[in-house]
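Chain naming follows the written order as A, B and C, and within any one chain the residues start at number 1.
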Amino acid sequence: MKAPKDGVPPAATAGGAAAVADPAPDPPRKRRSRERLTPPSWLALLFLLPALALLGFLVVYPIVYSVIRSLFDATGDAFAGVDNYTGVFQGRENLIAVRNTAIWVVVAPSLVTIVGLFFAVLTERIRWATAFKLVVFMPMAISFLASGVIFRLVYQQDPDKGVANAAMVAIHDTFAQDTGYPGAGPRGGGDQPLREDAGGVATTGTHSAGQSVLMPLVKVKPEYVPDGAEPAAQPPPAQAGQVTGTVWFDFTRGGGGEPNVPNAGETGLPGVKVEAVRGGEVVATATTNADGTFTMADVPDGAYTIRLPADNFTAPYRGAEWLGSTLITPAIIGSYLWVWSGFAMVLIAAGLAAIPRDALEAARVDGATEWQVFRRVTIPLLAPVLMVVAVTLTINVLKVFDLVYIIGGGDPNASVLALEMWTEAFGGGNDQGAGSAIAVLLFVLVAPAMLFNIRRIRQERT
Amino acid sequence: MSTGEKAAKNPDRPDGPAGGTAAGGAAAGGNGAAGSPRRGVAARVVGRIGGGAAQSVLVLIALFWLVPTFGLLVASLRSNEDNAASGWWNVFTEPTQLTLESYSALLDKPDFVDSFWNTVLITVPATLLVVAIASLAAYAFAWMEFPGRDWLFLLVVALLVVPVQVALIPVAKLYGNIQFGGWQMFGSVTGVVLFHVAFGLPFAIFLLRNFFAAIPRDLLEAARMDGGSEWTIFRRVIFPLGGPAIASLGIFQFLWVWNDLLVALVFADTEAQPMTKWLQSQMRQFTGNIDILAPGAFLSLIVPLAVFFAFQRYFVQGVLAGSVK
Amino acid sequence: MAILPQPGLMKQYAEKGSLKPLSPDVVSEVDKNFSPYWKELGSSGDKTYGVMIKAAYKSILWYRPQAFSDAGVQPPTTWQELVTAAGTLQEAGTTPFTLAAGPDDSWTLTDWFENVYLSQAGPENYDKLAEHEIKWTDPTVKKALETLAEIWGKPDFLNGGVATATKTKFDESVTQAFGQEKAAMVYGGDFAAANIATTNAKVGTDAKVFAFPKAGDTAPAILGGDVAVALKDGEGAQELMKFLASPEAGKVWAGLGGYLTPNKNVPPDAYADPVAKELIGQLQQAGDAARYDMSDLTPAAFGATPGDGMWEALRTFVQKPDDVAGTQKKLEAEAAEAYK
């Protein structure tokens, strides 16, 4: 699987053998006449040959080739020195890729490790731990490409299509009020009875008690007009101390009709809040009926502007821009988390299981609280496992290609070095010099892990 | 300290009250209470409800984890028009939307079926070859003497972390130079297989070598004294005993190769392309052809999932291989 | 043999020597059936390498007749009329456009630009800009960008605003307009008919086209097309190329729909699709004023790469329609690098 291939090698096998001393020739090689106790070197070579041949041609030689190739330009003929390398850090898009890679390396491994730890600890307490682990681990078995397709579906912008935004909108709407008619507004052009007013709509002239006000709106989208809306009606005659009016969608199907007057076929807009305002103060309010008419009562004398406040027109919440320039890298890291948390969880859970109970008991007897036990005893004992997980993930993150390629879909805002390498060399950039340089750079970044491994092996063998 | 003793005897079964470690706050409800007066009221209360809270949180998390894959499955069971018009969860209110037409249309496409066979053709040899070659090499590293053995082994271990990106360009060039008559290495299934084998070897050799080295020396000595040649020893002793490790390795390699995209993108041409590459080529019109992508992606993950569930014991073993001392 | 979507790419390969020139036989077939402009597109230096086997007509806008009649709007013929029509549609409660400005599909933005530019600046300037003899910082480019901002710069004109547009793929833009009925118009070449077919809308009744409105004096006729080239010498390859250059090949495909050919000897009757018939008439009428899609004539790194060059510059312009000068600078910088 993808996991340990990325390279922090096992310290011991599942078979249980701990640090194995190598089968050094103990007591002097006994040479019995016709039996060999240790096989001859040439036989070893035979056993090793296929492996060494493949590794040599397809792994070692390429490393050398890449380093050399990276010092030449796109055509491969002209020596370019370190130009390809400096080129990686030049240009806006390249810098974005570098920045993104840095974000990935810093955020993703630690995040996944912490989540894995959290899961590992929680699953200790339940009986169905194995089932849970299987569920969380399962994404490791499917290709990154399928995961990419899955998450493209999840992150689709339209809340009618993408589950992430659908959930966001659903949650938001349980707390927020019904919006009215987003996008609607007064007719433009000169000499209109209405004008825009701080996100809402207000009359251009003033009105007083005993008058009727016509408030024609345009740009009303049909999906926001409720089913119960009725054809626009003339406002009822206003009694003393009342202001009446109609708020309606002033557009006849097919065009035509008299503007600013309710015509047949035009629909009233129910549920609109109306205010009478004087000197910045709201003096009376009303809400429109099914046919768009409203009546404001108890209106004192004086001139007022009649206003439809902005919250009648606020744009509906449509979820977050998951694949937009700011959120796209976090979104892809989210999908990475979905895939790899299982790996971290399984490893850490095994580590937890191996912690000797006595150490914990001893700490408890000494009077430590659970949290202290966790912090002072468990975590330090887990440290090797956590390190292995974190390092493996870091190496893996440097190479992440499929997820970014599929979910990002070519968006330069999502790019990382591994993707840049492919694009430069094979995906249209046609510059194998630059591609090699990025590959070598990746290799260099990964080298510390290599040393880490080697050190561990040598430690084991002593 | 009876609980402690019990736990020490069963380090692999930390369920129920014998479970040792506690999450921050969720105290090990009741155990280890013997003589720890400073647990604090808060901790004790949380401990009582800890179990229940942990359960519900975990159930929620498990459901949440399943949603994305479930979404893909449902999307694959709807028609293209339905998918273009609304999200997959609408199926719950309109169950009649479910249909198998996307799957049958997909299976009628020779491209897709070919790519499925290509995937098999690439993955099976890659897995078998890695197991075979690595076993031989691992045995040599474990039980044979030769000069420079340790250094060579360290070199192999070092290669564990080499990113495939480093090798893409050089090997592409190399393959381009290998041609016989009309056949070219570059773009062929063979090329892809060999590349996967090469990059699978470091981990495989490492894993198997450690495992083989753990086999008791006496067994080997006995076999040698019975006059067996190295090859016989390998076949009769090492291979069978190394069974579990070889199985985990095989499964790992199988999944890794089955699911690979990058190597296929570079080294496989259209005739040789595995499912991952085929799927990627369909991504151009993501929403336009979700009726191809969704069932295609789902079919491509069925086999790995099946392998995973069938062999999950070995799988987990392999992952664990040695991170815990 | 290969089919390349861009003559610019074909020229790059020809210069590298990867393509085989067509045999004199095939060239004479090309001369018979194609006007010099088309032959020239398939040539590099003195030799002809490619046969234009498929054309796409790109100077149209697709619209929903129902939305237009509900708002009382007629298909516009000039850019001003288009802007006014969009405003009326908006007042009627219908979003005027969907725009495919996703990173993979920003070629739609280049097509908008080319239609406007050709119309305003004329064919000669168009050719010069394609060859990079005029810089992208030229006042003609400024004018075209400012014109585009009259539509792109009004977020309410675009379905879902800028946020959605910059993530929308081409096929999504078509299905949003005709499947989900979220807008009245969408840009797409004749090939959009295939996308419309995936929805419940019918081409010809629920989805119609009108010619891309004139932003200047010239009626724009922008074409795309695929060019077939031979990678290896051999009788088989040349025979196939000869067949592809002949009217017979064109007739076969025309009968299947969703296809146009620049082969002047394929009669309009051969086309099964009514929209295609209409467009082939327009194409053949445009004659010499017709121009090939500029972004396909430029080097691939400038005109044909997602996330790069002209595509990304225009995509950024959609997000910042006030910054004409900045966009021009970016275009020029990318061009300078690509034309090296």
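For the reader, a short list of remarks on this structure follows.
Heads up, the rule we're going with is that a residue touches a chain if its C-beta (ideal position, glycine included) is under 8 Å from a C-beta of that chain, and two chains touch if they have at least 3 such contacts.
Note that the structure is predicted; figures quoted are calculated from it, not measured.
Chain contacts here are complete: no pair of chains fails to touch. The pair with more inter-chain C-beta contacts, choosing from B-C and A-B, is A-B.
Among the other chains, C has the CA centre that is most remote from the centre of chain A. The distance from the centre of chain A to the centre of chain C, with each centre set as the mean of the Cα atoms, comes to 34 Å. One finds 45 Å separating the Cα centroids of chain B and chain C. Chain centres here are Cα averages; for chain A and chain B they lie 24 Å apart. In chain A, the positions touching at least two other chains are 409.
Residues of chain B in contact with two or more other chains: 286-287.
Each of residues 104 in chain C touches at least two other chains. Partner chain A is touched in their complex by these residues of chain C: 69-73, 87-88, 90-95, 102-104, 156, 160, 163-164, 166-167, 300-301, 304-308, 312. For chain B in complex with chain C, the residues that touch the partner chain are 80-81, 84-85, 284-289. Across the complex, chain C is touched by residues 93, 157-158, 183, 187-188, 218-222, 249, 251-256, 318, 321, 323-324, 409-412, 415, 428-429 of chain A.
Across the complex, chain C meets chain B through its residues 104, 169-172, 175, 179-180, 195, 198-200.
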